[in-house]
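What follows is a short report on a single structure.
We just call them A, B, C and D in the order they show up, numbering each chain from 1.
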Amino acid sequence: MIKRIGILTGGGDCPGLNAVIRASVKTAISHYGWEVLGITDGFDGLIIPDRIFKMDLNSVKGILPKGGTILGTSNRGNPFKYPVKKDGKIVTEDKSDEILKNILKLEIDGLIVIGGDGTLNIAYQLYKKGANIVGVPKTIDNDLAKTDYTFGFFTAVNTATDAIDKLHTTAESHHRIMIVEVMGRDAGWIALNSGIAGGADIILIPEIPFNIEKIIEKINERNLKGSHFSIIVVAEGAYEKGKDKHYVEKAKNEGTLPRYGGISNYIASVLSEKTDMEIRTTILGHIQRGGSPTPYDRILASRFGVEVCDLIAQKKFGYMVNLVGTQIISRPIEESISKQKLIDPYGQLVETARRLQISLGD
Amino acid sequence: MIKRIGILTGGGDCPGLNAVIRASVKTAISHYGWEVLGITDGFDGLIIPDRIFKMDLNSVKGILPKGGTILGTSNRGNPFKYPVKKDGKIVTEDKSDEILKNILKLEIDGLIVIGGDGTLNIAYQLYKKGANIVGVPKTIDNDLAKTDYTFGFFTAVNTATDAIDKLHTTAESHHRIMIVEVMGRDAGWIALNSGIAGGADIILIPEIPFNIEKIIEKINERNLKGSHFSIIVVAEGAYEKGKDKHYVEKAKNEGTLPRYGGISNYIASVLSEKTDMEIRTTILGHIQRGGSPTPYDRILASRFGVEVCDLIAQKKFGYMVNLVGTQIISRPIEESISKQKLIDPYGQLVETARRLQISLGD
Amino acid sequence: MIKRIGILTGGGDCPGLNAVIRASVKTAISHYGWEVLGITDGFDGLIIPDRIFKMDLNSVKGILPKGGTILGTSNRGNPFKYPVKKDGKIVTEDKSDEILKNILKLEIDGLIVIGGDGTLNIAYQLYKKGANIVGVPKTIDNDLAKTDYTFGFFTAVNTATDAIDKLHTTAESHHRIMIVEVMGRDAGWIALNSGIAGGADIILIPEIPFNIEKIIEKINERNLKGSHFSIIVVAEGAYEKGKDKHYVEKAKNEGTLPRYGGISNYIASVLSEKTDMEIRTTILGHIQRGGSPTPYDRILASRFGVEVCDLIAQKKFGYMVNLVGTQIISRPIEESISKQKLIDPYGQLVETARRLQISLGD
Amino acid sequence: MIKRIGILTGGGDCPGLNAVIRASVKTAISHYGWEVLGITDGFDGLIIPDRIFKMDLNSVKGILPKGGTILGTSNRGNPFKYPVKKDGKIVTEDKSDEILKNILKLEIDGLIVIGGDGTLNIAYQLYKKGANIVGVPKTIDNDLAKTDYTFGFFTAVNTATDAIDKLHTTAESHHRIMIVEVMGRDAGWIALNSGIAGGADIILIPEIPFNIEKIIEKINERNLKGSHFSIIVVAEGAYEKGKDKHYVEKAKNEGTLPRYGGISNYIASVLSEKTDMEIRTTILGHIQRGGSPTPYDRILASRFGVEVCDLIAQKKFGYMVNLVGTQIISRPIEESISKQKLIDPYGQLVETARRLQISLGD
C-alpha cells in the first residue's frame, strides 16, 4: 500500500512546474490520503537529503499561476556521473545507489519525477534499478516524442509571439529587417509556432538548414511588393546549409563570434553586408522560460499532476503521463523518451507555413 | 477547375476569424492562384449581394492579431427562414434558392463558410441543394463534436482566467465570496477550463445541475480550514438541480429576475440569505468574444484557413476541417454537426477538477 | 530615537499595497536599521494584538508584483465606533485608547498607516490623541485631494481599458450597444480615464448626471454616420439628472432593481425600451481591485514606501506622502484628507473627452 | 483664420503616435471644422509632397490602441542638411526653403510636428524661418526637459518590467546572473524605472558610470545572504567608470566587440571571467518601441493631440505642449528643447533605488 510519495523537478525552468506540483500534492493528500515529501534541487536532493520537507496543502497555496518551481531543480547533473572533487580534481562518481538507499530510508513508496529528456532518462535508469518512479514530461521546447504537447511550450510561444507583434508596427514604420532569436537548440517548435502566430516573413529552424541567398531573395521580393520590412524568427539552433551544425557555438568558443549573442548576430552581420537595409536584433533569452503559465499550460500541467498520482495508486511504476488528443494517457517512460520529436520538414505545419508565404530560408 | 472562391463568416463573434480569412486568402491567391470574393454579413451577403468585394493580399494585411471579422457576420438569421416584412408583418421566406443563384452568378467555384453549429447546418443544407461549400468550425464555446478544439475557445478561457486571477488576491484579503459568470449556455467548457486554470473553488456547469446546499457546504468547509474566501465560476447556462433548465431566463422574461444580469445574480441572492459572508459578482459578458486571439488560436485558425483551401482544390465539397490531436483532418459537415459536444460529467476533466478539490456543486 | 516601527493597511483592496510594504520594510531594516512589526487586519490588529509579527527581509520577498496585501485589511471598521456584541446586541465602543496602549506596549516608535480617506481619518484622530503616525494614501478611485495620483488607480484603469478594447471588435461586428460598468461611487476617474484610453463613445460619471435622451441622441448620431455600435462606460455611481443620487441603491434595497447588478442594468433596461439595438452589459466588479500592479503603480507605491520612512526618521508625525508632479512630498494628513478630489466638469480632462467627440451624457 | 492644418511624425517609433494623430484629427475636424492633411514620412513628405493625403474621421478609425504611426516617419534626416546624390556622391543640401514653399502651396495654416529632440529642433528652425508650427514632444526615452513625461515611455517601461518579471522566477530556480539590456543611449530612465518596478538588484545607467568590482561586490553580498541569483538591468548607453563613454560603440566598429549585441555582452564577458556563476543575457531591442500603448500613454497622447490644436486655434505658433503635474500646458519649443533631461544622480528616484538596496554599480 502507498503511504508516502516524493516529488522532484529536474532540468531547465519551465512555466507550469508549480501547477504540476500543486495538483499532485492536492491529489495525493486530499484524494488518496498519502503523505508527500518535497525533494529540493532535483536528484541532488536525494543524494544529500538534508533539505527534504513534508508538504501539506499550505505548501502549494497560491503557486498555480507562478512560474519557476518551489522545489528548485538539479544543478550538478546526472547522478550516474556525479561530479565530485577528489584530490583537488573534479571526477565523476555513480551516486545512483545512494539515491536508492535514500528512497528506502525516507520510506517513499512512489516518486514523481518531473523533467525533460535528460531527467526522465535518469528516472528510467533508476526505475530499472528498482526505484518506484513515475514521470511527468516537461520541456518548453516541445520535443518529447510521445506527448502531443508539453506544458510550458505555449507560454514560451506566447512570449515570443508577443515580441513579434511588437516588432511589427515599428518594422513597418521604419523599413527594417527585424530578427528575433528564440529558444530551440535542436527543435524549432517555438520558432515555427510563434512565427506563424506572429505573422513572420521568414522562419529559420534547425530542422531545415538555411541559405542566406534565399533569405535575401525573400526580403527583396517583399520590397518589390511594397513591404519594405521583414521579420525573421530564428531558433537558436538554426544553421547555414552546408556548414557544420555547431559552427556558431564553435566560433563563439574560439572567440571569432561574440560569446553572448547567438545565430541572430551572425545572420545580422551577413545581411548587413549583403543588403542596405537597417537591421535590428532582439534576443529573448530566458524570458521564454519565465512568467505565469498560460491557462492552456496550467490545465495541462494540473492534469498531468493529477493523473501521475493515479499511476502511483495503480503501481504503474516506470510509466509516465502523456497528452494524446484531449486525453491524458500513460506509457512506459522508456518508450516516451526513445527519440526526440523534431519538426517534419515535409509535415503539415511546415506546409502551412509555406502556404502562408513564409520562407523557411531554403 | 477552380477559378474563384468566396468566403463568409456567420454567427457570434470569435477571436481568430480574421486569422482564418487571412490564411485562406493568402493560400487561395498566392498558392493556388484563385480569385477571392469577400462576402459581407454572412449569408445575408449572398441574398442581397451588393457589398461583395474582390479581396487581394492587401485586404488581409495586419488582421492576424485582430479580434472580430473584417467580413462582418449575419444579423438576420437562417436564409431558409428569412425574416421579411410583408403587409406590415414579419414573415419568414426561404431564400436558399437566391443564394444558389447568386453563387452561380458570381461564378464562385467554392465557398468557404466559417461558422458554428447554426451556420454550418445552413451550409450543409445549401450543399445538399448543390452549393460547393466547405466549412470551418467556429465557436468560443468549444461544443462542436468532431474537433478537439475550436479557435477562440482558449482566448475566451484566457480572459476568464485572467479575471479569476485578479479576484484571488482581493478575495483572500477580504474574506469574500466572488462569483464570476462566464459564457456557456449549454456547455460548460469555458467555466470548467478557466476554473481549473484559475484555481476556482467551485465550478458550476450546465452539464451538472447544482445544489445550493452543496455550494454552502463547500464554502463552510473552506472557512473551517482557514480559507475565508471562495471563488465560484459559473457558466451562464448552469442551473439548479430539480428546476427547469431555463427558469432563470423565464424569470428574466417575466420580470422576477433582472433582465440584464444572469445566474450569478440569482446565486448571489440565495447565498446572501444563507451565509453571512459578503458576496461580489463579476459578469464578463462579451469581453470573452473579443480581444486579440492567443497564439494557440491564431495558429489553429491559420491552419484551418490553409487546409480548407485544400478541400476546395480537392473538390471535397460538403466537408469541413477539424483538429484531431496535432493534425488538421477533414470530415463530412453532416457528421461534424450531428451532435453538440457537452462535458462528460464522469469524464477525465471533471474527475481532474474533483481531485483538485474543486466542488462541482453536486 | 526610532528603534521599532509598525505597518498596517486598511480599507478596500488596491494593487500596490504590497509594493509599499516591501519598500518600507527594506528601507526601515536595511537603510535605517529599525525593527519592523507587521500588524495584520488594519487597526483591528492593534485592538486585539495577537497576530502581530516581526518582519524581516524575507517577509517581503517576491511580493512586489503581487496584488492584495500580505498584512490583510480591517474588516470591522472604525475603532472609534467599534462594533461589539453586548447582551446579544451589537453596540459600538471607542477602542482608540486600547490602540494607543498597545502601540506603547509594543514599543512602536512610528506607525505607518496605508489607507484611503476613512483609514487616514482614523489615523489622524489617533495622531491627535498622541500616536506617532505617518500616512500613505491609497485608493483605486484616485479621489484623494492632495496627491496627483494614487497607486492602484492606473492598474484599475488598465483592467477597464482592456475590457473596452475587447468589446470594440465585437461591438463593431454585431451592431450593438455595449455597456461596461466600472468602479467609482462618487468620483468618475476610472470611467473617464479608461473611457478616453479605450475610445468609448459615451462616458457617464457621478460628477455629471446623465440624461437618457442625450445618450440616445449620441447613439443615433453614430448610427447615421455609419457606426452601428456604441460603447458606454459608466461609473457605478453615475445617476440620472433630476433623480436622487442614490435612487439605484434605494431601488435595489427595495427590490425594484436587482440587488446584484448596478446602474448598467438600469441603463440597459431603459435603452432596450427606447432603441431597437441589442444591448450587452459587462460588470467588471472586483477584478478592478486585483491583479499585478502596473509598473507605474509599483514605482509610485515603492516611492511612497521609501519616503514615508523618511518622515518617521524626521519625526514628521501626522504627515503623509503625496505625489506632486514627479516628486514625492509630504503634507499634514489633516490637509490631505480635508476634501474628496472629484472631476471638474469644466476641467481640462472633461474638455478633452468632449473634443474627442465623447458624449458625457449631458 | 485657420482653414487647413497638416500633421507629421518624425524620428524613432514610439507607442502613442497614432493616438496623438487621432486626437488631433478628431479635434481639428469635429470641433474646429478644419481640413487636415496627413504628411507622410516626416519632413521628407514636405520636400517631395507626392504622398500627402486629406484625412477624414475614417482615416483615424481604430488606430487609438495601435503602435507605430499611420503617417510613417522620416528616413533621410535633417532637411537643413538633406542627403542627395550628386555626380555619384552623396552631398547635403538645405531643403528648408522647399518645405516653406510647399507649406504655402498646400495652404497649410498650421503644422503639427510630433517628434523628439531632433525633429523639434528642425521644427523650431523652420518656425523661425516663418512656418506656422506647433509641437508635440515624443520619445520613449523620457529625456525631454520640460515635460514631466512623454507618451511611449511607460509602454517601454512596461515591456522591460514584464521581461524582468519573467526572469525573476527562472533566475531564482537556477542561481544565475540575468542581464537585461534596455534602451537609453544618454538617459537611463527606462532602466531605472523598469529596474525599480521589476525589483532588479543592480541598475546601470549612463548618468552613473559603473564599476565592475562594485557589481561583483553586490552579487557576492547577495550570495552570502542566500539569494543565489542577481538581476542586472542595463541601459544600452551605460559605461564603465574611467573609460570613454563610447568605448563599446567604438569596439563594435573596430570589430573587437560584436556589432549586434551591446553593453550587456561586454558585462557578461567580464563577469563570466570574474565569477563562477552562469550568466544569461536578454536584449530587448526594438520590442520596446512597439506594442499597444498603455492606457497612461494613450491618455497622455490624446491630451497632447487635443491641446496642440488649441495652440493652432490661438495661433501660438512656435509653442509645444508639455505635461506638468496633471495639466497639459504650453511652452515655446525653443525653451523645451534647450537641454536633455538626464537622471539626477543625487535626485529622489536614484535615492529611492538605493534605499531599496538596489546597487547603481558605483
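In the analysis below, a residue touches a chain if its C-beta (ideal position, glycine included) is under 8 Å from a C-beta of that chain, and two chains touch if they have at least 3 such contacts.
As the structure is a computational prediction, the values presented were derived from the model and not from experiment.
Subunit A maps onto subunit D through a rotation of 180°, based on Cα atoms and reported in steps of 5.
Subunit B and subunit C have CA centres that are 35 Å apart.
A straight line joining the Cα centres of subunit A and subunit B is 31 Å long. Work out the mean CA point of subunit A and of subunit C, and you get 41 Å between them. Subunit A has residues 165, 168 in contact with two or more other chains. Judged by the touch criterion defined above, the protein chains form a single closed ring in which each chain touches exactly two others.
Under the contact rule stated at the top, the pairs of chains that touch are A-B, A-D, B-C, C-D. By the touch rule above, subunit A contacts subunit B in their complex via residues 23, 26-27, 30-31, 57, 62, 64-65, 148-149, 154, 157-158, 161, 165, 168, 193-194, 196-199, 292, 294-296, 298-299, 302-303, 306-307, 309, 324-328, 348-349, 351-352, 355-357.
Chain contact summary for the complex, subunit A toward subunit D: residues 12-13, 15, 66-69, 72-73, 75, 159, 162-163, 165-176, 178, 257-261, 264-265, 268-269, 272, 279-287, 289-291.
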